[in-house]
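Submitted below is the structure of interest, expressed as structure tokens.
Labels for the chains are A, B, C and D, by order of writing; each one numbers its residues from 1.
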Amino acid sequence: MKKIINEPLRFVDEFLEGILLAHPDLVKTPGDDPRILVRADAPVAGKVGIVTGGGSGHLPLFKGYVGKGLCDGVAIGNVFSSPSSAQVFEATKAVDGGAGVLYLYGNYGGDVFNFDLSVDLAELEGIPTRTVLGCDDVASQPKERAADRRGVAGIIFAFKAAGAAAERGDSLDEVAAVAQDIVENTATMGVGLTPTILPTTGKPSFELAEREMEIGIGIHGEPGIHRGELETADEIADHLLAPLMADLSLVAGDRVAVLVNGLGATPLEELYVLYRRVHQTLTAAGIEVAKNYVGEYATSLEMAGASISLLKLNDSRLELLNAAARSPFFIEA
Amino acid sequence: MKKIINEPLRFVDEFLEGILLAHPDLVKTPGDDPRILVRADAPVAGKVGIVTGGGSGHLPLFKGYVGKGLCDGVAIGNVFSSPSSAQVFEATKAVDGGAGVLYLYGNYGGDVFNFDLSVDLAELEGIPTRTVLGCDDVASQPKERAADRRGVAGIIFAFKAAGAAAERGDSLDEVAAVAQDIVENTATMGVGLTPTILPTTGKPSFELAEREMEIGIGIHGEPGIHRGELETADEIADHLLAPLMADLSLVAGDRVAVLVNGLGATPLEELYVLYRRVHQTLTAAGIEVAKNYVGEYATSLEMAGASISLLKLNDSRLELLNAAARSPFFIEA
Amino acid sequence: MTGKELAEAIQKCLALFTDYADELGDLDQALGDGDLGITVSLGAKAASDALSNLDDAATPAEVVLACAKAFANANPSTMAALVAGALLAGSRILGDATQVAPGQAGKFALAAAESISQRGKSQVGDKTILDAMFPAAEALLASPDGVADLSAAIEAAEAGVIRSTGLQSRRGRASWLQERSIGLQDPGATAYLRFLQSWQAANSPAEVG
Amino acid sequence: MTGKELAEAIQKCLALFTDYADELGDLDQALGDGDLGITVSLGAKAASDALSNLDDAATPAEVVLACAKAFANANPSTMAALVAGALLAGSRILGDATQVAPGQAGKFALAAAESISQRGKSQVGDKTILDAMFPAAEALLASPDGVADLSAAIEAAEAGVIRSTGLQSRRGRASWLQERSIGLQDPGATAYLRFLQSWQAANSPAEVG
């Protein structure tokens, strides 16, 4: 295990302390637990608050999407583990500006159980909440069970759109509806080449042979749907893209936003090689790429690999993506 | 070799095609060679142009620093190899707005020889040029031979400041003086944990044992100054920081900009663990961190490791860093 | 069994239980994300520490609640959240009494299983911890004298683990493997079995309560 | 030797020379960035291709210029830039003549070495390609009949490679190793030696020019 860390059990708190030291102008912690982080100006009176959260190890997810035009607060747990309900609730109180709070996070059991407990705590304090789950990984369930899919990189579309809706003054139900609309029109698929090593155990999250890849892998190393010989970039792009296009029933004339996301160790150069093929294939099919994101948006520590996400666009979705936003990791100017 | 690529010899052109497809609003290629890239609005009449360049494999360096308030153009070569003088010259012509062109790139023989040839070509066409070399890696030469050091991540400070100076209308000599001033006040030191594999040869750029690290390594895998057992994050931060503080003769009351840069495969979490220690150490020494950058700014494909750069600040340097800038990879809003 | 005795029995059991952390982590790696080993080690340590800090006069229900709280926050995860809720539900069986009454073990186990079933929207056959819990609870309920119970419960839990291995996972992370989950052993169900086995090994069978 | 004959001799030489690409890459890895193997393979291929496209009537100088241009652009790098400049300087020795005159090899080699020395601000003893080039040029100049030349030049270049291995690199990437460069063999000097050896193996010694 080759990591630049100190005591493994202090890893999460230490990188969070680093974030707080680096960006005091953008984010703060409401109490003294660095695992709860809210925008520097929280709570924003009269604005719907958005709280996200989940396990550590996915930077810039989740911490990186706290800011103006994005989420208001985040609670995160140990590497790949949920925050506690108490932490979620603390974030909730810190961002509540009187217009209610949307919980927007990935569909993982641990997170769901802990956020749901916080829903009850918030209700007791008179803070209305709504919950929308990111569930974009098409490799995890067939279309009929789309709501049971796990949430991966595509959730950033929902952060961006719901964050913009909240910023312009939409009500809690409206912001939740925006998030739900985005989630239902987002599809993602990933490929893994090398595993993540968990800092606390020192063990790889999965094992692949020297020339193997795994299509459909989850961002915690959850097994995928196809393991085989490493393919070329174009073949991989085709493998990932075809199910996404089918899932969203894309046809000529449609518009999409594309996210080519690196899982941690894959060079940006390779992500652009993938993007090239995705762009060419979509364009050839008469589908317009109206917005694109290429880089690391949701990682899995030092996993090598990538994911491709598509969001089917209409005018209102695109407008929300293009609205101004600013966090330490994400700027739309 | 586990890479998401197609034909290795097409790797560079393909990722550049991807960049051009993704960011037509920000960058363009003046002819049909994707290795030459200029800002979408180049040439900007009356403005000093800045051309940079070097080998591929360092994204977001160099391509990522072409935009408003940054460089105007770039010419890049094969992985870790120089662009040709013809390519540098083509970039020069495309960005020349009548106020001359600054060549600002890292101090590597291949680059120097090719940029110098282009200086002659530009002179023949009546385009005045100045050259400033990034030479911030303190591991490569002692202080007395500072001008012979190789250039690494710290060059982004010079891009940012010189770009801002050019944008506000400084003359060619003034922009060159800004770049030179920044270069002379920048110091960097890096650590490598795992090597890069060159796509064309499939060979690692160096070899380290399972628990080894190398301090002072170059971004092409050039050997460093100390190879030893992997240390904790805090020990590594201390190892890298002490020579930088000495090199810049920092004392209590000074202000600095800090760049904690990932070399490719190192998770952002680990960079923040390093930043935490750097920030704490500098603060404890009475040195103010007035600006910070944490992330991947100059990489070496999938090398695991990091570098720390310091820029000694004064008011004018800080003002230039804070000026607005925008490229596909770098936004200062 | 008083609250203090219960706390000691739990601590002894947990000391053995954490030896299974690696096994549970490995099983969770094959079917999920591999963190169950951590959840179990951190959770057991937190629960043990919480019990050490508890007043000697604490009732059995208070002992269980302290464990629930500690386990929930140590490494929050599916298992932590479900177990914490299950202990909460179980604690209600114990009421305010200063002693665990004979025969309460079965009711406790059943309430715990029902809580997980409700919160997890899951049943026996979904290949979760419940495939071990419900059969074990039934075995405990079948004979109220506590002695036969634990061995029978362990047998029932083990049978549940084995039976469910052949099924497809329908809940949680493992469900994403779809038909590829068939043949892999459920980590949560195994954790429950190992917990019962640790209890038996650590405490004389008669002490089960 | 006509331009056409020269072009063929170069192509035969380059075909053998590229076999050393791995060795040169490995040496460059130890002292630099490991790309010299690529520079040499891509450069040799580009030069060979350029020569194939050249008019049969091309003069020796035109042949050399075509190689220079191809090599400069194939994989631009220190070696590519220096070699291209060196060939340019050497081509001036050949003038407009349609034949390479006997004895011109030495003058060519010296002009080439001087060009690199000037552009690279480097001398013999700095542990670069020049530590092989200057001694070889002197050996070629010492006996004007071309036959003895090449073997003597190879010997001189080899001695230069060996001698410089004990020195500290003072130019280019290798200089950043400072005293740790001592004992490592210079890739550029080795490349020059391998080039001469390839020439000898590919072409009968008498053909050297």
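Just so it is clear, contacts are C-beta pairs under 8 Å (C-beta built on N, C-alpha and C of every residue); 3 or more make two chains touch, one makes a residue touch a chain.
Model, not experiment: these values are computed from the prediction.
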Inset, instruction - Could you tell me which chains make contact with subunit A and subunit B both? - result: none
Inset, instruction - Hop across touching chains from subunit C and tell me the fewest hops that reach subunit D. - result: 3
Legend entry - Most widely separated chain from subunit B, with each centre as the mean of CA atoms: C
Legend entry - Two chains joined by the most C-beta pairs in contact, as defined above: A-B
Legend entry - Inter-centroid spacing, subunit C versus subunit B (mean Cα positions, whole Å): 55
Legend entry - Rounded Å distance, subunit B centre to subunit D centre (Cα mean): 32
Inset, instruction - Would you identify the shape of the chain contact graph, picking one of line, ring, star, complete or other? - result: line
Legend entry - Every chain pair meeting the contact rule: A-B, A-C, B-D
Inset, instruction - Please name which positions on subunit A make contact with subunit B in the complex. - result: 2-6, 11-12, 14-19, 21-22, 56-57, 59-60, 191, 193-194, 210-211, 213, 230, 232-234, 236, 264-276, 279-280, 292, 294-296, 299, 301-302, 304, 306, 326, 329, 331, 333
Legend entry - Residues of subunit D touching subunit B in the complex: 25, 29-30, 32-35, 37-39, 42, 72-73, 75-82, 85, 119-120, 171-173, 175-178, 180
Legend entry - Residues on subunit B engaged by subunit D in the complex (per definition of touch): 77-87, 108-110, 113-114, 117, 137, 139-142, 148-150, 198, 200-201, 203, 205-206, 218, 220-223
